[in-house]
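Two complexes come next, and they have one chain in common, chain A, joined by chain B in the first and chain C in the second.
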Partner chain A sequence: MPMPSFDALIIGAGPNGLAAAHRLQSAGRKVLLLEAGVPGGGAAACVPLAEGFAPQPLAHLSLNLDPRVAHGVELARHGLRWAAPDLATTALSPTGGHLRLDGPAGAALQGAVSEADRAAWAALRARLMRFAAVLTPLRQMPPPRLARGAGNPMLKLAMVGLKARMMGKAEFRELLRMFLTNVHDALNDELTDPLLKGALAFDATLGTWLAPRSPNSLLLWLDRLSGGVGGVQGAIGLPAGGMGALASTMVAAVQAKGVSLRSNARVARVLVEGDRAAGVVLDSGEEIRAPLVVSSLSPKATLLGLVGSRHLDAGLITRARHLKARGGAAKLHLALRGLPDFRGADPKTRLVIAPSEEAVERAFNPVKYGQVPEAPVMEIILPSAFEPGHAPAGQHVLSAIVQYAPHAPKDPEVARAVLLEASLRQLEAHAPGLRSLILKADMLMPYDIEARWGLPGGNWHGGELSVEQMLFLRPLPGLAQYATPVEGLWLASVGCHPGGGISGSAGWNAAGAIMGVGK
Partner chain B sequence: MSYDALIIGAGHNGLVAACYLARAGLKVCVVEKNNWIGGAAVSRELYPGFTYSNCSYVSSLFRPEIMRDLELSKHGLQILPYEGGAMFTESGGYLGMFRDHDANRREMARHSKRDAEAYDRYARDILRHCRFIRPLLMRRPPDPASFRPRDLAELAWLGKQMFDLSEMAMYDMIRFWTMSIADYLDEYFENPVVKAYQAVGSIIGTALGPMSPGTAYVLLHHAMGDVDGNVGAWGYARGGMGSITKALAASLRAAGGQIRAGVAVEQVLVRNGRAVGVALANGDEIRASRVVSNMDVRRTFLRHVAEKELPGDFVKRVKAFKTRGSSGKLNIALDGLPRFTALPEGAPNVKGDMHFTDSIEKMEAAYDDWKDGRFSREPFQDVMIPTLIDPTMTPPGKHFMSCFVQYAPPKIEGRDWTDADRDAFGRACLDQIERAAPGFKNLVLHVEVRTPRELEAEVGLTEGNIFQGELTFDQLLFNRPVPGYADYRSPVRDLWICGSSTHPGGGVMGAPGRNAAAEILRDMKLPAKDMSDAYAVL
Partner chain C sequence: MNALTHYETPLLQTPFHARTSAANKMHSWGPWAGYASVLTYEDLAMEHSSIRNAASVYDLCPMVKYRIEGPEAMAFLNRLTVRNVAKLSVGGVQYTVWCDDAGHLIDDGTLFRMSPDRFRLCCQERHLPWLLDSAYGFDVAIREETEEVAALSLQGPTSASVLAAAGSDVTGLKPFRMADFAFVGGEVTISRTGFTGDLGYELWTVPELALPLWDHLFAAGAQHGLRPIGSDALNIARLEAGFIITGYDFTPAPQCVREDRLRSPVEMGLGWLIDWEKGHFTGRRALLRAKPKWAFVGLEVDGNIGAEGAILYHDQKTEVGMITGACWSPTLKKSIALAQVQAAHAAGGNLWAEIYALRELHYAKMMMRARVVDRPFFQTDRRRATPPARF
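Now for the complex of A and B:
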């Protein structure tokens, strides 16, 4: 073998692969990071938009970058800056009566909202933030196993339970009641303003294959609220230079640590010898050997694609096949010749089009049947309004997450065109004249996302985030502690606990688990 | 005149509670606003010579322990298991169901060989989930926020039940409790008709579609009962569902209890924070040492108890208790037996439950209508002809048909149902049956169409919810009906609740009434007489 030998191979240089690589290398392992495309980024990796415009990432905001990763990798020292560390949200009204939510998770409300609703939202927000904070420590450990003598971190778990109970009897009971409730009821029990409820319902279900009325949806809102930026719970941030800059900063940090990185190295399969991982085979046929293989590709792609049924038992293969990974969100990029005017809304905010919680629900209805919604709901940012460099002077980039989108429509080409048209109609209704500014439009449907980012079903979380696929059930029962039945092969993907976003948590946790188990 | 216990509402749970209390020696009276008893378990002659089970229509959930304890068969109750059922397909075919597992398997193989094989695994897994839940039905749910020894012991017991399963079985159970039935069935079956048939039990009575998480549990709620020890089997009460409450009434009278029909309660009388009786609509008062309400929690506390007697937090939670109705009902007198053309002559399937919604997507689309405040344009129906097995309900040669229909919202686009809405709803259902059984409409002698409006007005079920409260996890176990009050008590001393709003929820089960009686007797430090514990024999 001409290659120098490594202690560990990490497949995929997304945030989780990078986080795992950094932590393992820091612990003295010699790590080689293999990336199929250009170095680094995963869902923060960019696709080109138009001549003169900066390429655009899939994930366009940072909501839950793991503080352990940010500090451990020393992102600040490697140059990570924020264009906006605590982005405000504007809930757009087609008539200009916008609501503005400032501060983390909408701490302050501006706009025509009744006093009763303001008070009710303040109380509901405080409660949800409290619940989310109680659950946050669970993100920073491997999920416990439901078995006696499984070596669970009992002290940590007891602390979570104690913290929950310390909220007081009434709050503890509310946590147990609301845990698996739905967003629609949680909102309608307290609030009346449709625009406010719409924006909140949108946030709660963003990136899921659930709608506000779906039971269990509130937990996903709590999951979202357990994140934050720079230690501020619930804050949403836009990195200077966009999410692509966050990705490249992480790459720089990891390389500075001494991790070797190979791009354009697509792994074809994991080499298994005698039920043990022995390395990987690239699609060029090249074999790279190492005693430890860590995959940050989605568990489904890893188990079914890289390992295969020869080395896994039939039950696990069946479960992996049934792992739910339906992407419900599309990504829209527009190159614009000027700044669109959303009826006076501050372009340096996160713009949300979701006129009511019912509108969010209705946007989901057709997607259940593989069809396209007439009036999609969306989250929009204009990165070029915050700082130069995203577009030629005077021109602008609009980046939007469009919900919901079918992941497997009958005719993918038609569905893309129909959703693009519906989205532009929706945008034009809120920013008259926007259509005439368009130089280039790029609509990425879930299947496009699958093709470009390798996420099965186009699901951004490498497997749906839903209660039956969370904690010790994520990605699959029996695999939640990052280890696989193939000795030496580990999972460190966004599809593992704690799941979605550009957080690096799963990679960090997995590296910890590897070091705990390894010599 | 004063009673030891006054029960409001002569539905099955009120009567079950009354029976146990009377057997323990209490002086018991049940008051009922209607001139007949039975609540939603009634047999009524709404067309001359025809007995209708005009609300609930089949039995499986009714706990056999209660039947034995209260000697209901001695008092005339007989459950007749039915054979079969069918899902008619749009293309004119059908998928049949039988009581025999292997017959089911053969029938499924006609649609998909793979599904027939998966059915063994599926049936086994569902049975395993049933085995876990059945012992929980006849116990008071623990309060996880309490440090009282009894709650801790009960929690420990629950934990032990869990940890007695294997690790993987525990994971599977948690998945099952939280999943949508559509996703769950995808893990077993491929054929859309097979999946649609299996999904039926997951939506009945529920304001959710088969793609909503939590519906797999609702399926369990319909699968955990039994007839004569056959778990998951369903049957007809001979003489209609009213036979259950009639037998309960007879058992109650035999134990010395009293029932007064046509007596409407206006207000629960509260003195110094204790319930002391009720004031009636006619101005009379009945005194009692304790009042037990079989009405749903919203009706009980928002209409019949003065708000000043209740803590604000409690009232807020009761107001937020979800009782959205999702179903309607057609009760039809038939001049003869309709011919379902897809079925072979003499097929037993016509004796069971029949449906016309041959895919999960169609069921879900019917739910989308409900969400928008419309009744389903293409409804889901659960159609039965009990007179094929029980000839006592109609004149010879005639038949009674019961059609349970989803979805019907409590309000039509925010306004109340009108008679015209109700008639349009009825027509949509009749047309659907006519398509599967041409000539059916010519046999119709009389139709009673019931929407949530009628269910609320007559039976008193708030918003027409047949379970007295939705069966979602935020309203199950210790959350049902209100966290901290899952022990059948209320903030008012001596005021108890015993209806389906309480654990373990709706269906003609009797468990809430039995559990409430057990708590009352415990509170009085009286030994429960003739009350057997839950058993979990499968």
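Now for the complex of A and C:
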């Protein structure tokens, strides 16, 4: 049977691949989406946990789904619902003196915090949200270019600048001051409460290879705060059915649009003929041809693995090899026979163990040297506390992001076991008796994440998100506009601007860039 | 801890040093790639004359050499260099260049195919980091072998006769081919290559055989006017042949501080080397896009003063280029020069060289007409004739 022909092949059915596929198909291109495993959802794709328990995704919350993607793909029409569209956070105390932050980005604070700290947090939060909002439009366009006559969207860029300037001279100066500062200093300039600072410092650095004291870490916090759920800036959401449901909704929407989808089709390499992309070769040896190839795999994997040295300049290959991709976050999944009690904390909140900003920093220190922290910090979700369907009746699932974890320890097996033990110790200290509830425990280290989700170094962002790898430097200078040196091959990855999360932004931007070229 | 004394003798000695230093009557030394290299042994005119009229020996050891081997050595070299290495058969030699991503020249060199999977790359500058970076993704091993090879260049009309007298029959050897010859329990590889544009050979062996080889060659060459030559004489011969030297005629891209000094192969008159059809090589896409701003030309300059370093003017008024190498050619009896000129002036016409002649401590400034001529300035059938004529 002859293969139907396609205008575009998209490699990887994660949020970016799906977003790009939808946008291109909507523009009249015939798109085939190729997924190595089962579609889809990239980091929202799930791994099995235990008999009777729902499989678990890498990304367990939604914090920056691109509104253009949500609307464009019509996720709501295809059945996306929220178990919690604006999740509260509990900063856990081992003695029960928890803090609770309600509303987007901790708008309301409950707990034993001084009036001075409350006022300071309200002011700091407002400022950070304002700064983050100024930067949001940058996420929704290709990064500006430095080259002369580069054809930048000057009007849009001017609007960003104007909006920043319209905050007033004092605020504009404050933006410039804070832009490249670190989270630790910014927090200690304003706040005193260790538990509050700990929870904020944890959020600010979640999923990065940075700790609160790392230079430029505040920028990552602003990046996080520029996201939101359903148009509410700074909100964090838990989709009904979990992130896996968000992924499958996207898949359904994309299929409804007419995109063809192939599972278990791992792309071995991009076919290059006459110096342009001509299709792909699957690891089965099957050749699929199309004039346009879009890779939503990390730029590093795409350039080094799928294209390779033969078709790229030596300098570019070297720069791609040196692209920083270290993952510092591990993922812990527990199947529990009952609901753990975190000393009275509301299980239908996001539970954060980060006793202080110092504790977050200390959890990073050993990881820099390939070792495991004794007291990791973590974000805990109990999806089964929100709705049924995640675990057998009466039983529960605990999903935690554990920071920090070494991405390349000397002995990966030992490091996994040591971090699991340290994490369980931390959990037991905050929820006495939790260990006795455990039916099954899975610790996914950054290298496990790399193996399962194809993210180099296990880094969530397909390449570290830090100031030197952002905007026109992301993934590499010269590649930031989603085009590659190989004509017809495009990057649409979380490793491109604007970076990570289950957002689809890079895929949406890339599709826009591709269609711009066709004009 | 060892006493650090390396700085007292910053220049290395080649395996021929015992002979070259004994012959260097003028004690005229210059540094070349970290080695002490003879500039003129005794008399520049006689040394140049031996290249064109008899036979000359030049110590090539300082030339940088890389050993490149592995199942994907050819694929690696095809991606590294601009020529098609698939067309280079075993026993063959290829003059080639390589570029960075932007299509700017890094170096030129000669590539020897020793076996299907083993090559030797000889060049002016050191490039190990670039070669190793370029090797990513290829099954190839690369190391510098400069110190493991002793090499002499034997050039001149009687060079084949010298080799015949030395017991090596090279009459069947065509230009850019090489062959192995037994020599005192070891081997000498002889390639018909050189940097003079004349009949000539290069001899390659291990350092242990260096001195026996030198002695053997000079014993055989006594009847054929063989003499050692230094870099000064070789420089005149290479200018007559129109050959360029990296670092003299262009600045290698990795060393350029000023953006406008970068040159593409096309701008250096080497566009003919590029095989656009062989597949991708580093710099290819940039070269396809680039519009050459410069051209590299040969010039004949009026007068008899070497025009080394002269600035070139159009109509005696506007600066349009720079002479990168020049001499009074004893063979042609002309003042010749190699020059970079702005592409618009590649055809010449109304070009002038501003020459400063030092006459008894005072400079005389002259504007001399410079005519663009074909390279090489000096051409001889001896270079290609196989078998070589007997002199």
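A few comments on the model shown:
Quick note on the criterion: the second predicted complex is superposed on the first by the 517 of 519 C-alpha atoms of A that agree within 3 Å, B and C clash if a C-alpha of one lies under 4 Å from a C-alpha of the other, contacts with A are read in each partner's own complex, and residues count from 1 in each chain.
Going forward, contacts are C-beta pairs under 8 Å (C-beta built on N, C-alpha and C of every residue); 3 or more make two chains touch, one makes a residue touch a chain.
Every value quoted in this text rests on a predicted model; they were computed, and no experiment measured them.
Of the two partner chains placed by superposition, only chain C is touched by A:311; chain B is not. In the superposition on chain A, A:410 contacts neither chain B nor chain C. Touch criterion met: A:216 reaches chain B, while chain C stays clear of it. Touched residues of chain A were counted for both chain B and chain C, and B has more of them. Contacts of A:425 after superposition: neither chain B nor chain C is touched.
Looking at the shared chain after the overlay, A:485 reaches chain C, while chain B stays out of its contact range. When the two structures are aligned on the shared chain, A:275 is found in touch with chain C, with no touch to chain B.
In the superposition on chain A, contact of A:169 is made with chain B only, not with chain C.
Within chain A, the residues touched by chain B in the first complex and by chain C in the second are 318. Here chain A touches chain B in the complex through residues 145-148, 150, 165, 169-170, 172-174, 176-182, 185, 189, 210, 213-216, 318, 322, 324, 361-362, 365, 368-369, 466-468, 472-473, 477-478, going by the rule given at the top.
Every residue of chain A that touches chain C in the complex is listed here, in rising order: 272, 275, 304, 308-318, 321, 485. Residues 75, 79-80, 100-101, 130, 133-134, 136-138, 279-280, 282-286 of chain C are the ones that touch chain A when the two sit in their complex. Those residues of chain B lying in contact with chain A across their complex are 144-145, 162-163, 167-168, 170-172, 174-175, 178-179, 183, 186-187, 208, 211-214, 313, 320, 322, 361, 364-365, 368, 371-372, 472-474, 478-479, 483-484.
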